[in-house]
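I've put the structures underneath this note.
Next, two complexes with chain A in common: one pairs it with chain B, the other with chain C.
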Partner chain A sequence: MSSTANAERRTQLESLWEHDAVKIIAVIGAIYIVYALIGLILGYSLDGIVNTLRRMTYLIAVYGMVTLALNLHWGYTGLFNIGVAGFMAIGLYVTMILAKPADPGGAAQYAGLGLPMPIAIIGGVVAAGLAGLVVALPALRLRADYFAITTIAFAEIVRLGITSDALQQFTILGAELGTGGGRGLIRNYDDPMNVIFQLEIFSSFVDLTNSLFGFGPTQARALAYSIVLVLVLAGIYWLIQRTSRSPFGRVLKAIREDEEAAQSLGKDTNMFKIKVFVLGCALMGLAGILWRFRRTGVTPEAFRPHVTFYIWIALIIGGAGSNTGSILGSGLFVAVLFEGPQYLRRVIDHLVAIGDAPNTFAGAVGPLLSANPVPLVRYTFAEFLTLQFVIMGVALILLMQRRPDGLLGHREETAAAIPLGARPSAAGGGSGGDGSGGSGSSGGFAHSQPRDQHDGSDQQTDGGVDADGTGTQAGTSENSDSRVSSDSTDQPDDSATDGETQ
Partner chain B sequence: MSTVDDVVTRGRSLSTEQLLLIAVGIGVVLLVGDLILGVLDGSYSISRIGRYVTEGVLYGLIMGLAGIGLSMTYSILNFANFAHGDTITAGAFIGWGGTYLIAGWGAASLGHLALVGPQRGLGGPQLGISITSTPVAIFAGLLLAGVGTALFAVLIDRLAYKPMRGAGGIPLLITSIGVAFALRYLITFVYSSQSRGTTASVPSADLLLVDGYVSLDAHDGTLIAAAVVLMLGVHLMLQRTKLGKAMRAMSDNKDLALVTGIPTERVIRWTWMIGGGLAGSAGYLMVLWTGTIDWQFGWLLLLLIFAAVILGGIGSIYGAIVGGLVIGISMHMSMIWLPGGDFTTITAFLMMILVLLIRPSGLFGGKTTA
Partner chain C sequence: MSDSSTDVQSTETDTATDTADTSPDAPTDADAVAPSAVDRTGEIELAVDGLVKRFGGITAVDGASFEVESGSITGLIGPNGAGKSTTFHCITGIHQPDEGTVAFQGQDITGIAPYECADYGLVRTFQIAREMANMTVLENLMLPAKHQQGEALWRSVMPLARREVEAQERELLERVWDTLEFFEIEHIAEEKAGNLSGGQRKLLELARALMTEPEMLLLDEPFAGVNPTLEQKLLEHIHELRADGYTFLIVEHDMDLIMEHCEHVIVMHQGSVLAEGVPGQVTSNEQVIEAYLGGEV
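Take a look at the complex of A and B:
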């Protein structure tokens, strides 16, 4: 009795776990609990703990946005972009230059155009998208590794360009502008979140956080900012999720799995790739803006290639191709690899008296000869922030070796409009058209789609897309099935030989 | 590329390539014309151009030397190794530790010397390290850099890449980014992130060049001599030995090499050893030449080396050498038109992107010589 009840509950839990939202909430919740405990251990007051969680939320939201955009590039379309930092930099710098007041005011600052914030943000996003277009137009023909080198070189050109003294101050069409060179730009425009902060209702939010957590106005603003970022993240998630389920998204997956098969179905794959690259770059620009536009300033150092690799680690933890995975990966990356080591160090520091570390590695290793590991431990502890990057690198290596598909990368995405699991045997739509439906199309595509060959869903992915890519997302079952069968009667022979000749 | 792809994209891609090629051609003609006119009317001094070319050649030799290893792993193991730059840094530190130990024996603690003087105070200039005053220490250090990095590269291969030998180029590339990260900060952990001087000044010769002087010092000469000897050595190894033949066979067709009975795993190990050894030597020579060492100079050099290798054509060691020289010289020549040195690196990256767009197989592409 109890065992069946347990089993039932277990299957219930498992089916619950299948929901993406549940996974995200569970993991983020676990992160919150762990960090709340860390705060308690460190003796933080309530507002300190809530502020820690707020900071985590902010980081997860920002990294989540960029990871989602990268997932659109790599996970969905197979575009190997390792120039993420460059597009983020373009977004932020253009926005700041557009928003900075035209009258420089302070002696050391450079003038901007003094445009209103919403226009400046749109300008930054468009600029990042255009930069994506500039890279994509010529470079998409290249092999994945050449494309990668091109994108990272582009990102470095951007970074070196904004560092350069030559662009520190320049004049375009009579307007004096500047990137500030190596010293960067100072935010001398109003807090962009004032749109919200100056609402009447916001003062009650301040009172609420004050009574709940003992927050001051600054902390309340930071909290509101983080909440806004989470909302934007949700919006981007929804956008990308919708894109990936649309006919457009199905073509993207087809390109990732086998570009030639997609071409043989009449898709202009280059056009799709350019569109998706520009869209992803624009989102990266948006994330770059939201990441830092409230801070007191920005320097080019913020956009070193490190940032790109952080995003890649987050993407690979979560699993390329899964939007839920992107957010989970960002959460785990921020909590475990990015912030985790620092908090671990603080906790250890709080609990144990470590003592003074030797100044050099030699001083740490030397005493090992006389079997005294204490200096090495102390040195390791003192240099923990350096080791954090070693840990990140090793984590990336181990992930690629052991789990290249990440946590959620390797699961079938059912793109078909009808449930594939419980297909009615005779009268169902599966063999509706002319008898060469489901199984026939699977056979035709199996050669060219190794990743999903045991599941008919992605084959229908390709088949279910209209030639112009504008078909509705979810037709009725007859509708989508007739498309599948018509495509499979047209194409299976060609694509099968295509797959074999590779 | 398949036939389908060709048919779909031929018309368009040809025209883009041709347009780019025409644009680049016009640009080159304009620059060369401006250079000649400038020299003739005396606005560009010949000795200044001479200095740029000399510096470019020296820089290019380092990139070419380091590029050989990158090119070999790229063609034989079929992936772009992003950890190559940090291998260069590691080699430099290993080698310079040896040099410090020999040159400064007794002058400071062993730990201080082996870690290339991690703290302020007693460093290379104080120990009087240079090719003229401590030649033995320099040569021993160069040897140690080569051998030590060769073994180190094999160790990295064993730990990171060997478990995923069958994986494609992209997973290996991502793994190598992880290796680069771990390696770079491991170097910082051991050797500290302090940037420090390594050499004392050496006598230099001023060569008269029409309207001024080009100066070359003893370390420049050492760099040229060592780089040329190492490059010749690699050339002979690839052309004359059975190992070289096996490597060329593997870079041509791995499966065929395996079927023919070439012990691919052993060839791979030798590839790492030679590539790593050359990277370490290049790092050592770079530090000898510039007189400073820090934890990220190899990483900053990496994309330039990629530029050199891609320009020359991946898989060709001669391409890597020529590519290094071309990139080095153009980087420095760019200062004629873009003064200040802010744009030298940008010039190199732009050249690389242009080569990828116009002729992805590089100057020497098509004929893989190693």
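Take a look at the complex of A and C:
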């Protein structure tokens, strides 16, 4: 009896789990609880714990935005974009250059255009989108793998271009601008969130956080900023859900599955690819802006290729093709792989006295000869943050092997503006009537197929060879060549699907 | 021959523009398998003239010329490597022909992009069924319909415009179910296309091609890998659709099947047309027997 009650409860839970919101709240909630516990173990005060959670929220929101945009590229359309960091960099740098005051002020400062922040943000997003267009126009004719090479090359060109002396300071149409080169740009414009911070109501928000968590004004601002990011994330999620659940999204899915077949059904796939690539790049630009436009400055170092690969890991964890999965993947990536090692180290350090580590690897390995592993353990521990990359690599390999679809990447999100399934007009039975054929075998034929079909195909080919006779031999060489050519056009699709499933 | 075909073309341009005028209304038509609006029986639907396609040193299609009559089921046969599939590719824009012209309903469509081909009402299926494996059967069938407002990104996103998109989707879903019923595959509607059997995929591909509301279908070996029962089923569907005014050009290897079901047969050999005519004529043609049937018949 209790077992049936359990089963009932389980089905209830499972049906709850069906809702995307529940999935997101459950996973993010679990992350919060774990990090709150970590805070308790480390003896953080309440404001310290809340601040830790705020930082997690900030990171998850930013990674979530970029991962959603990448999901639009790769998960839906099959565009292998590994130049994510480049588009983020363009968004941020253009925004900063547009927003920086025209009068440099300090000695080490480069001038900007001094435009208001909203216009600067729009400028950055548009610039990232245009950059996407520039890449897409020539590159979308390429096969998936070459397209990938083009995007990463573009991202590196952007980063090296920003670093280069030539662009460090330049004059365009009489305006002196600059990327700051390797030294980067300092934010000498007002805090872009001031629009909110200067609101009357914000002071009561500060008071509230002060009384609840003991936050100071700076922490309250950071919290408000994270909340804004979460709202933006929700907006992007909504936008991309709409995009994917529509006839537009259906064509994207079809491109991913078999572009040539989609073309033969009358879809101008190149136009769709260009549009979706530009949209995704613009969103990446927006995420890049929101990621760092409040910081004291930015250097090109922030946009090294590893940023792109972080986003890819998040996408793969969540499952390509699922928007909800993209957010879950970002959450797990940030909590476990990105911030996890650091906090784990702190917890271990707090609970166990590790002692001083040797300075060199040789110093760590040497004592092993005398069966003393302690220096190696200490050394490993000291280098824990470097190990992060190893952990990420291992996690990626395990995922690919054990769960290539990620958490939610079963590609079951409906690509239509309405729920598919049962017929809209339940009464409309048999209106396609003139075609029902009326032959007796209708009931059984579909079910008998899986077996029969094999036999049938064998017979077919056998029969064909017999009938062909000598003619077959005469034409063989020609045939094999035309086959090769048609196969090679199939290649991109095949390799794309392989990549997804492996 | 080329003279007479140009005559036909000039008379046909008028009818072709007529159909183009009426087509924007078509998507609102809820009946998936509506008869073609214009009865063109006896006219030339597709004219291929002097088609040449080379791959490096190999000439896959070498001056193929033939015509397909409107409302007919025409068979295109020939030994492996005769250039049948390449001809299909050239007609439907997947390959650019090196020489020659392709005219559909009198309009020159030589070298157009594959997606434009479907706009003209000329749709093909593939030798190996190319279903969208990770999309459901319903999604596969929703995809091809023309004039979908929601294919414009902003309409799919903006709240007010989206309502219209949803209304259109509902109409479209009705048509999809009509098509599913026509092919008697309602039971697999929510299945992922990748999970279907080989025969079901062939059915799906034909159904999907019909969702574009074509006037002519090019079927590349539609019966390969299909069991005899289903093959019979497919043939019934093809005959019904033909009766509704669709034109078919079918590549097939099974001679008996071609002889029984096609009223016109084109035999290709080494890239050009060796013979054509009614099935009886073709089977008694000595060259055909020599080249294709290997002298066994």
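Please note the rule applied: the second predicted complex is superposed on the first by the 411 of 502 C-alpha atoms of A that agree within 3 Å, B and C clash if a C-alpha of one lies under 4 Å from a C-alpha of the other, contacts with A are read in each partner's own complex, and residues count from 1 in each chain.
To be clear about the criterion, a contact is a pair of C-beta atoms (placed from the backbone, for glycine too) under 8 Å apart; a residue touches a chain by one contact, two chains touch by 3 or more.
This one's a predicted model, so the numbers in the text were calculated from it and none came from an experiment.
Trainee: Going by the contact rule set out at the top, does A:Ser164 touch chain B (first), chain C (second), both, or neither?
Mentor: It touches chain B, and chain C stays clear.
Trainee: Of chain B and chain C, which one touches more residues of chain A?
Mentor: Here the partner covering more residues of chain A is C.
Trainee: Taking the superposition as given, does A:Glu260 touch the first partner, chain B, the second, chain C, both, or neither?
Mentor: both
Trainee: Going by the contact rule set out at the top, does A:Thr296 touch chain B (first), chain C (second), both, or neither?
Mentor: neither
Trainee: Could you look at A:Ala153 and tell me whether it touches chain B, chain C, both or neither (first, second, both, neither)?
Mentor: first
Trainee: Touching A:Val390, do we find chain B (first), chain C (second), both, or neither?
Mentor: first
Trainee: For chain A, which residues lie in the overlap of the chain B contacts and the chain C contacts?
Mentor: 260, 263-264
Trainee: Any idea which chain A residues touch chain C in the complex?
Mentor: For chain A paired with chain C, touching residues are 239, 242-243, 246-251, 253-254, 256-258, 260-269, 272, 275, 279, 321, 411, 414-418, 420-421, 423-425, 428, 430-437, 439, 441-442, 445-446, 448-450, 452-457, 460-461, 463-464, 467-472, 474-482, 485-486, 489, 497.
Trainee: In their shared complex, at which residues does chain B touch chain A?
Mentor: Chain B reaches chain A through residues 2, 4-5, 8-9, 13, 16, 20, 79-80, 109-112, 114-115, 118-119, 160, 163-164, 167, 169-171, 173-175, 177-186, 188-193, 303, 306-307, 310, 338, 340, 342-343, 345-346, 349-350, 352-353, 356-357, 360.
Trainee: Please output the residues of chain C touching chain A within their complex, sorted ascending.
Mentor: Going by the criterion above, the answer is residues 31-33, 55-56, 58, 60, 78-83, 85-86, 89, 92, 94, 113-119, 123-124, 126, 130-136, 138-139, 142-144, 146, 148-153, 156-157, 162, 165-166, 169-170, 173-174, 177-185, 187-190, 197-200, 208-209, 211-212, 223-233, 236-237, 240, 253-255, 269-271, 291-296.
Trainee: Which residues of chain A touch chain B once you look at their complex with the stated criterion?
Mentor: Residues of chain A touching chain B: 80, 82, 138-139, 141-146, 148-150, 152-154, 156-157, 160-161, 163-166, 259-260, 263-264, 270, 309, 312, 316, 359-363, 365-366, 383, 386-390, 392-397, 399-401, 404, 498, 501-502.
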